[in-house]
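Reading through the C-alpha cells given below for one structure.
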Amino acid sequence: MTVTTDRLRGTTPVRAAQAARPGPPRRRSLTRRRSAIAGLVFLLPTFVVFGYFAWWPIIQSAALAFQQTDLVTAPEWVGWNNFEVLFSDPLLPRAAVNTLWFTVLSLAIGLPVPLVCAVLISELRRGGTVARVLAYLPVVIPPVVSVLLWKVFFNPGESGVVNSLLGLVGIDPLPWLQSPGTAMPSLVIVATWSGAGTAILIYLAALTGVSTELYEAAELDGASVWQRIVHITLPQMRGVILVLLLLQIIGAIQVFTEPYVMTDGGPANATVTILLMIYRYAFLFGNYGVATALSLLLAVVLIIVSAVYLRLTRSWSTR
Amino acid sequence: MTATTDTRPSRAAAQPRERGILSPFDWRRPRILVGWRAMHIVLLIGLVALGAVPLLWMLRAAISSTTDLLQHPLSLVPSPAKWENIPDAWNLLSIGQYLGNTVVLVGGSWIVQLLVSATAGFALAVIRPWYGRIVYGAILLTLFVPGTVTLIALYLTVLDLPLLHLSLTDTPWAVWLPAGANAFTILLVKQFFEDIPRDLFEAAQLDGAGWFTIFWRIVLPMSRPILAVVSLLSIMTAWKEFLWPLIVLTDPEKQPLAVALPRLAQATDPAYLIAGLLIASIPPILIFLIFQRSIVKGIGFTGLKG
Amino acid sequence: MQQRTRRVIAAAVVVPALAVMAGCSGGNGAGDADSGDGKVTITVMGKPAATNTAAVELFERQVAEFEAANPNITIEASDVPWDAKTFATRLAGGSAPTLLRVPLTEPPALIERGQVADIASVASKLDSFTDLNPRVMQFLEQGDAVYGIPEKSYAFGLVYNRDLFTQAGLDPDSPPQTWDEVRTAAKKISDATGKTGFGEISTNNSGGWHLTGYDYTYGGKMIDQAADGTWTAAFNDDASREVLQMWKEMRWTDDSLGDNVLGKQEDLVAEFTAGNVGMWVTAPPDVYPNYIAAGGKPEAFGAGPMPQGGANATLAGATVLMVNATATEAEKEAAVKWIDWRALRPNYDLAVAAETAKASAADGLPVGVPVAPIFTAEAYAAYRDAIAEYVNVPVENFAPYTASLDKLEYVPEPAVASQEIYAALDPVVQSVLTDENADIDALLNDAEQRVDQILAQHK
C-alpha cells in the first residue's frame, strides 16, 4: 500500500494550502485534478499509439493529397494537381466499375446465403456445433492461404480442380481467372467462401435472441413456417442484418487481397479495384500524393454510402 | 453483478432451446419433417463440401507430387504419398522462419492491444476525467475512417516518425504499434468496465487505494472475459493481416507467412507451395478447434455489439 | 503536482521511448555495418534459389573463397531476386542490399533518382574494365561516372522442345525463322501432340516485354525522343498491330497457345521443363540453367534465332550489378571486389574460368551455355577454348541461336521507364489473349495515351 500512502503524503502540502478554502468545491477540484492526472497516465499508451498511428495520419492524409511526395525529392504543394492526374487516368473509371461490380456480386451471394444457412443451422436439432465449426473453418484460414489455394483450384484447362468438378456434371471447362469476364466472379467466390462463416455465426447469435414467445403466439394464430420467418424472424433480426450488410458493403468496396494475389488486377485490368490502384500509385509508381488523393476520394465515397444507407434504413431498423 | 458473470448473455442462449422457429409440434408434421430434413441434409453436405473438403484436399495436395495433382485433380488420396514434401517445404521455403516471424508479430500485437484497450477502457470508464468525453470522441472518430484510407499517410509516418525521426519499417514495431490503435477493442473494454458497480471503487478509495491499485487488484481480475474476447479478436486479426505487413516489412527475412507465401508462390513447385500453405493453416485451425466454443460465442457477442 | 506522480509520469514516458529507440533501425543503412577496424560486411543479391541446391553450393564455395582471399570482407547473400513489383519499395524502404542485381531496364531510373552509387573510382582499377562491352556500358555510364557493371547479357531467341518437334513431324535442327513459320509450326505441334504449340506470358510486365521484343523484329520501336529531349510513345503502328494480330489468330483461330496465357517467365519455364510447351521466346542461355536444375533433359532443349518479321533485329538486355547509394566507400570497394570475383574473373581470367568450369561440371551444373559476351568477341573465344573440356551442354542444339547472334541487330530495351511501359502494355497483351473480341486499334490507342502520360513525367 505504499503507493497510495505516498500519494496521500504527497498531497498533504497541497491539502494544507487549500485547507483555508471552505467545503465541497475544494474537494471537487482536487478530485478533478487527481483524476485528470491519473487519467493521463493511464491514457498515455493510447495517446502515443493513437497519436502517432491514428490521428496524425488522418491529418497528414488531408495534407498529402495536395502535395507531391515521392520520397526522393522534398514534398511540394501542388494544389489540385494530384486530383487532376487521378481523374485523367483512364484506369480510374474502370477500377470504380470493377469495385462496384465486385460489391454487387458479393452482396448478391453474401447476403442471402449466410442468412439461409443460419436459419437452417439454428433449427438443427443435432449437429449444430459441427455445422458451426464447418461454416467457420474457411474464416479461420488466413486469407492469403485461401486465395492461393483457390488459385490452384481455378487452374485452367481440364486438370484444374473446379473444372474437373464441372466436367463430372458435363459442363465444359471455364477459363476462370484467365478471362476478363470470369475473373471477377472467381474473386467473389473466393471472398464469399472465406467470409460467409462470420456472417453465419453472427446471424445465429441474433437468431437465438429472438423470443420464442413470439413464435408461439404466431403459431396459435395459425402462421405457417414461412410466415413466421418472414414476419417474425427477419424483422426481429433487422438491426443485425442491416448493420452487417453495411459492413459488408464497406468491406467489399475496400477489397485488396484477392485482386492483388490472385490476378494482380488482370486479365486486362478486369479486376483492378480502387484499393489496388491506391497500392500501385504509392508502392509501384512511388506517387504517394496521388495515392492519398484517391484514398480521400474513397473516404468520401464511403461516408456518402454510409450516410445514404443509414438514412434509408432508419425507418426499418429496430434500434 | 459479480465478477464471474458471463458477458451479456442473450435472452434465450443460456438454456438449450426447446424450440426455434419450428416447435416440437411442427416437427411431428410429415411435410415439415421431410422438407426440413432434406434442407438440412443439403446444408450439411454443402458445409462439408465447402468447409471440410477444400482443407482435406489441401492436406492431400501437400503430400502429393505435382504430376499426381495434374493427373488426378479430384482425388482426396495421394498416390503416392510424399510425406517428405512437408519437411522439404519447411526447409527449402524457410517456412520455419516465416512462421516464427508471424508468431512474433501476432504476439506483440496482442500485448499492445491488451495494454492499450485495458488502460484506455479503465481511464474512460472508471477514472472518468473531465476530458474523457473528448478523448472518447476522438477515439470513436477513427472508427469512421477506414484503415485503408489513411494507409499511405500511416506508411509515411512509420517511415519517418514525427519528432523522433526514426524509421520503424522492417521492425516488428511497425506492426505492433499501429495494431494498438483499435477503437473497437477500447469500446468493448470500456463498456464492460462501465458495468462494474462504482461502489467497489469508492469503497476502495475510502480504504486509501490509488487508481493503479484499483486497476491492478480490482478491475483486471474481473475482466478476464472481456480480455479473452479482446485477445481472441486481436490474435485472429493479427494472424490474417496481409496488406499492412506487405507494405512495411519489405525485408524478406522479417516477413510473416502471409506476405512471404505469395512471393514464394511465384517460383515454387505447386506441391511444395501447398505444403507451405498447409503449415501456415495448421496453427489457426488448431487454435480454432481447441477454443471453438469460446470463439463462436465471442463472434456472436461482438457481432451483436458491433 | 505530487513528486511521486511526476516521477511515474516521467518513467512512463521515458521507458517506452527508450524501448522504441532500442528496437528500431536507425534509418536506411542497407543493413550493413562498417566498424572502425577495417572490417566490412556487405549484403549482396544474386544467390541462386534454395531449390537449386547445386548452384547454391557453388555460390557458397565462391563466397568462402572470396572471404578467404579478402579477410576484411564478409558477404551476406540473399536469394530474393529482383522483382518488378516489389523492388522499388524495398529500395525506398531501405531494406535493399548493398549490391543490387537488376535487369538493364532499371539503371536509367535508378541513376536519375540517385539510388545507386558512382563506382568509377573503384571500377576503373579493375583490369578488365576497359574491355567491357560498350553496348551494355552505355546504359551504365554517364559522363565520367560509372554506375554498374554487367554480369551477363542476353538476346531474345526461340526456345523449343526438340522432342515435340520430332513428334509433330518438324525438323528439330531447323527451327522456324519467321513468324509465319512459327505460326505453322505451332499449329502442327498443338494438333499433333495436344500440347501448347507456342507458349506466351503476359503478367508481371512480361507481356509488354514480349510485345517490345516481337515489335523490334518487325522494325518497330517503342518510344521516340524528339530533338528537345522529350519522349513520346512510338508503338501505335503497323509493327505492333501485326504482332497483336498474329497473337489473336494463334490464340483464337489456331488455338495453339494453350490454356494458360497469364503466366510469367518462371511459370513457362516450369511448363516447358515438364514437356508441355513446344516453343516460346526468351533468352535461351538464361533459361537453360533453370531448365536443367528443374530436371529437364539436355537433349530435348533447342535454341533457335529470334523469329523475324522482316527487320533482322532482336531485343537485347543484360543483368547488371550496381551498388546501393547508401553504401560507404569501404562498402563500395568491397562490392566491386565481389563483382570482379564472381562475375568478371570467370570471363577473362582463363585459369579461373577453367577452374570454375571444372567445379560446375562436377556439380552437374551446365557448363558452356553459349551467351552474348560481356567482353569482346576475342575474349569470349579465348574463354570458350579454356573451358572446352568441361562443356556439358549440347552446344549443337544451340547452333541456330548462336549463328543468329552475329547476324541480327541488337536493339536495346526502351531507354526510359522500361518497366512502366511494359506494365502499361501488359493489359493490351492480356486483352488480346483472353478476349476474342478485343479491339486491337482501341487497345493500342489507349496504351499510347497511357505511355505518353508516363513519359511526360520523365524530362
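Order of writing sets the labels: A, B and C. Residues in every chain begin at 1.
Simple rule for what comes next: a residue touches a chain if its C-beta (ideal position, glycine included) is under 8 Å from a C-beta of that chain, and two chains touch if they have at least 3 such contacts.
Note that the structure is a prediction, hence the values are computed from the model and not measured.
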Check your understanding: Starting at chain A, what is the smallest number of hops through touching chains needed to reach chain B?
Key -> 1
Study note, to complete from the structure: Highest contact count belongs to chain pair A-B
**Study point:** Chain of greatest Cα-centre distance to chain B
**Key:** C
Review point. Counting in whole Å, what is the centre-to-centre distance of chain A and chain B, each centre being its mean C-alpha position?
Key: 14
**Study point:** Separation of chain B from chain C, taking each centre as the mean of its C-alpha atoms, in whole Å
**Key:** 41
Practice item. Among the residues of chain B, pick out those that touch two or more other chains and give their numbers. Key: 159, 247
Practice item. Give me the residues of chain C that touch two or more other chains. Key: 89, 204
Exercise for review: Enumerate the residues of chain A that touch no fewer than two other chains.
Suggested key: 3, 7, 40-41, 44-45, 71, 155, 283
Check your understanding: Okay, in this complex, where on chain A does chain B touch?
Key -> 1, 3-5, 7-8, 32, 35-36, 38-46, 49-50, 52-58, 60-61, 64, 69, 71, 117, 119-125, 127, 129, 131-138, 140-145, 148-149, 151-153, 155, 159-161, 164-165, 168, 193, 197-198, 201-202, 204-212, 215-216, 219, 225, 228-229, 232-233, 240, 243-244, 250, 254, 256-257, 261, 275, 278-279, 282-283, 288, 291-292, 295-296, 298-299, 302-303, 306
**Study point:** Contact footprint of chain A on chain B as seen in their complex
**Key:** 10-13, 17-23, 25-27, 32, 36, 39-40, 43-44, 47-48, 50-52, 54-55, 57-58, 61, 69-71, 73-74, 112, 115-116, 119-120, 122-124, 127-132, 135, 138-139, 142, 144-146, 148-159, 161-162, 177-178, 180-181, 183, 186, 208-213, 215, 236, 239-240, 242-243, 247, 257-259, 261-262, 265, 270, 273-274, 277, 280-281, 284-285, 288-289, 292, 295-296, 299-301, 303-304, 306
Review point. What residues on chain C touch chain B, complex-wise?
Key: 17, 20-21, 23-28, 31, 49-51, 78, 80-81, 83, 86, 89-90, 93-95, 204, 264, 266, 270
Practice item. Give every residue of chain B touching chain C within the complex, in rising order. Key: 92-94, 159, 164, 166-173, 247-248, 250-252, 263, 266-269, 272
Study note, to complete from the structure: The residues of chain A that touch chain C in their complex are 3, 6-7, 10-11, 14, 37, 40-41, 44-45, 48, 71-72, 88-90, 155-157, 175, 177-181, 264, 266-269, 283-286
